[in-house]
Structure formats: C-alpha cells, structure tokens
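Have a look at the structure below, then the notes.
As written, the chain order gives the labels A, B, C and D, with residue 1 at the start of each chain.
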Amino acid sequence: MICHKHKVQYYETDKMGITHHSNYIRWMEEGRTAFFESIGYPYDEFEKLGMFSPVIGINCEYRDTTTYCDEVEIDVSIISYNGVRMKMAYVMKNTKTNKTVLLATSDHCFIKKEGGIARINRAYPILHEKMLSLIESNDDNK
Amino acid sequence: MICHKHKVQYYETDKMGITHHSNYIRWMEEGRTAFFESIGYPYDEFEKLGMFSPVIGINCEYRDTTTYCDEVEIDVSIISYNGVRMKMAYVMKNTKTNKTVLLATSDHCFIKKEGGIARINRAYPILHEKMLSLIESNDDNK
Amino acid sequence: MICHKHKVQYYETDKMGITHHSNYIRWMEEGRTAFFESIGYPYDEFEKLGMFSPVIGINCEYRDTTTYCDEVEIDVSIISYNGVRMKMAYVMKNTKTNKTVLLATSDHCFIKKEGGIARINRAYPILHEKMLSLIESNDDNK
Amino acid sequence: MICHKHKVQYYETDKMGITHHSNYIRWMEEGRTAFFESIGYPYDEFEKLGMFSPVIGINCEYRDTTTYCDEVEIDVSIISYNGVRMKMAYVMKNTKTNKTVLLATSDHCFIKKEGGIARINRAYPILHEKMLSLIESNDDNK
C-alpha cells in the first residue's frame, strides 16, 4: 500500500462549497500513478510498452466532505489481480481531521494499443509476479 | 425515465484517445439536472429552498468507450426513494452505434443548508409524492 | 459567425457560487467544434487527415458571472487566417439577461501528426479558400 | 516570487496526447493559492474575511507542450496592484527540459461577499502594504 497526498484546489470545489464528487475519481487515478511509480513500474512507461489499463468499473462511498485547502491522504492497494483483471482499493482521509472521506474500488483490464487483451502474465512475467506479490486483503477497507 | 443527450467534447478526452472515465460521473449529474427539470422540480429551485442533495455513493460499469464528437444518450430514473434517501440509475448509449457505454447508479441523501437531514416527506409533501410516483424498477438496467 | 449554446452544469461551478473561470476556455473549444461542423469541416475529420490545430494563445476578458442552469450563447468567428496561423474571436452572452459575459480570442497554428507545420494553403487548398472567405472583422467584438 | 510545482495527471491530457490547454488556467490558480499561503495570507482565510478576488482577465501564451508525468514549475508574482485591482504574472517551466511552457497574466478585482467592491487599502491596510511591497517588474516575463 502506498500513500499519496492531494491538496484540494479551488477549481475542484462546487457551489455547495465542497469538493465536487467527480474529483475523487480523478484523485483515485492520481493515487494509481503514485502507486505504480512507487513499485518501479511508472504507468507512463507501461503505456510506452504499448499497453493501456482502462477503468472498467468504479465504486465509491462518500463518507465525509472536503473543501478548498484541505489535504487528502490517498491510500492505494491492489486487492485482486489475475493477469487479465485487477481491482484496486482506495481509502482517502482528511489529514487535518483524520476522518475517512472516501472508500472506493476501481476495476481494470489490460489492453494492447493495437487492440485486443494484453496478457501481463505472458508478455511481462516480471511485472506479473510483482503485481501478484502486492495483493492485499481489503479487510481494512471496510 | 427521461433521456438527455451530451456531445463528447475535446476537453473530455484523454491521451488514450477516448473520453476520460471521470466525465461520465459528470454526465450523470447532467442527466439528473435534466431529470428534475423535466418533472417540474429544477434542482436550482430545490437549492433555493435551502436544501442540497449530495452524492453519497457512485457505482459505474463502463461497457464501451466513447470519444470526441460522439453523442451519448443518458437515460435517468429513480429506482428507490424513501423520503430521506434516493437511488438513481443511468444507462448511457452511443447514439451512433446504439451500444451501451455505461450502466451506473448514484445514491443521494437530502440535507439542509444550515446542516442536518432534510425530510422531504415532511417539508415538501408534494415533491415527496411526486418522487414516490416516479420510482421505476431497474430490471431493465442490468 | 455561428452561435452555439451551452447550459452551465453544477460541476462547472465553484465555491464562490459561480461558473469557474477555467470553464469558459472549454466552452470556447465547444464553440470551435460547432463552428467547424457548421462550415462542413468537422474538427474530428480534420484530425483524421493527420493534422492538429493546437491553441497557442488565449485572451479572455470576463465581463459578468454565470452560474448553474444559466444558458450561455457562444458566438464564434475567424478574425484572421493566413494559411499557417488563425485567430478566432468569441462573444458569450447569458441568454436570460442578454448581458455579455465573456469577450475572448484564441490563437492557433496547424501541425502535422508526425510533427512539423501543416500548410493548409498547400495541403488543403479548398479548406484554405473556405477559411479565407470566413474572415470577419472583429470590430463588433470590443 | 514564489515557485509551486505541479505533476501533470492523466486526467489533464487530451486526445492529442498532451496537457489540455485549459488546465494551465487551473494551475495558475494553484500557483496563486501557493503564493498567498507563502506570504502568510492564505486565500481561504481571505474568503473567511468575507472577500473574494475573482479573475476578470486572462492572457496566456503557450510556448511548449507538456504531458502525463511531466513536472511543471510555476513561478508566480504580482506585477501591479493598487488596492482595487491586481495583475499577477506566471512563468511555467518543464522541470525536466527547463523549457518555458507558458507565459501568462491574470487580472483580479476584490469584491465583498455581500456585493460591492472591497477596498483592501481601507479594510485591510496591513495586507495592502504587504501587497504593495511584493510588486515585481515583469521584465523577466516576456
């Protein structure tokens, strides 16, 4: 599990005076970028190998609001991975209050730039083993 | 159920060449705006009454990609409502291909501007009855 | 000159209660999309020919605010074009109040997907002639 | 002058494969937040005093593109201020290449939450003196 921090920007708030809910989806992606960088497989390098890992599912439970100038800590982990599919989990906390603001998961597949499923286990066995070794139980997330 | 159309803009695409997945969350909100307008209760009027209906949960299943200049038809319906909570369902289709691109739900509560839960059944009985009458089975959504 | 309409969405507002100023830049792009579609040269087709027209300059004068549910009319015109550079002008009005909300211009060049300047006059003489014929004085814009 | 860093996110790119130009407008705001924090007058505190400082003009010259995972250094300075109006300047550089990617300015006024112009010189003489002392020549910016 890695932990990434995001400071809420003015342009991320809405007329309710709080962070617009769509931004958490973007911060999940920020967390993924930080996660893959931290394990030595930056996502931009991954794409340069001719692969993409699109989001095929999102599940978010909003627990508390945040607003301009709040700092959000984003914990990211892989909770399942089998070479063709991956599920990641996110726990976001307001670092000032230590309150959980979001619990979420995202589902991903792997595709080749030219089309078709990318089988990480065959094409990138070292990355595959790395990912398998990083799977965490999500008992802590709920 | 109402149907709202959104044309995908260039600023909504990402470097994969497709619509960034976070935008569908925004289009769900566009759909809600159109929905409440169509039933005679525009959401901006609702807020002027001193209430908010924040999103407390989001569930998205991405079925197909869209890109710049595609037109997306967004079908919106209420699938549950009990005076304090509401669940809405969304089916998005690419109008060119008629393919389903997204199946989603959003969960909402109702709060008062000054804080605390807004009980629509007591405070706005006419809106409450209207909402109850609009509940649809979501059998068609899956 | 063409006229495109945009309804302000909740996700476009900020905690000041008004449309966040960065969104007008996006609506200018929406206006360009509508403009090139209206003259028979949709921008997505232009990109399929292997060209891009990136924004190299932006100038905005914010005259009035807008907010959720306002409708903005975006008038778009070409005010200069010479085969390698183009300047477009935008006048945005709130359709309810008829007040001008934004006066803006954007500067563009043309590049080839594989790199290098795209000379529209040589590569696409018909489009070139069309663009020349559309140049409008921007006397009305200020 | 202060210097703020922003790492380009995937959701900030577009189908051209580069950062969408509208995001630089948002990073200018990020730079302002960092600027006012660094001088001891965080903008969120400013708003709590019942004032807003809306953007009334934007001028951007895009010099180079950036993309996912690039780091952008944002230098922010006040180049004019007279108690009722303020102009800020921005120089953004790609920290990898040290190339200038954007030169920009933004114009601001000061308004009171309840409406009407906020005269910083009268209402907040200490902040007013601070701002006057921070004015920099923008000779370096062009």
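The criterion applied here is as follows: a contact is a pair of C-beta atoms (placed from the backbone, for glycine too) under 8 Å apart; a residue touches a chain by one contact, two chains touch by 3 or more.
This one's a predicted model, so the numbers in the text were calculated from it and none came from an experiment.
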Query raised in the report: Which neighbours does subunit C have in common with subunit D?
Result: A, B
Report summary line: Matching interface for C-D, options A-B, B-D or B-C, criterion over half of contact pairs identical, gives A-B
Query - Between subunit A and subunit C, centroid-to-centroid distance (C-alpha), Å - result: 34
Query - Between subunit A and subunit B, centroid-to-centroid distance (C-alpha), Å - result: 24
Query raised in the report: Using mean CA coordinates as chain centres, what's the subunit A-subunit D distance in Å?
Result: 29
Requested in this report: Mind pulling the residue numbers of subunit A that touch at least two other chains?
Outcome: 10-11, 15, 18, 22, 26, 29, 68
Report summary line: Contacts from subunit D onto subunit A in the complex sit at residues 9-11, 26, 29-30, 33, 42-44, 68-69
Report summary line: Within their complex, subunit C touches subunit A through residues 10-11, 13-15, 17-18, 20, 22, 67-68
Report task. Name, in rising order, each residue of subunit B that touches subunit A in their complex. Result -> 15-16, 18, 21-23, 25-26, 29, 47, 52, 54-62, 65
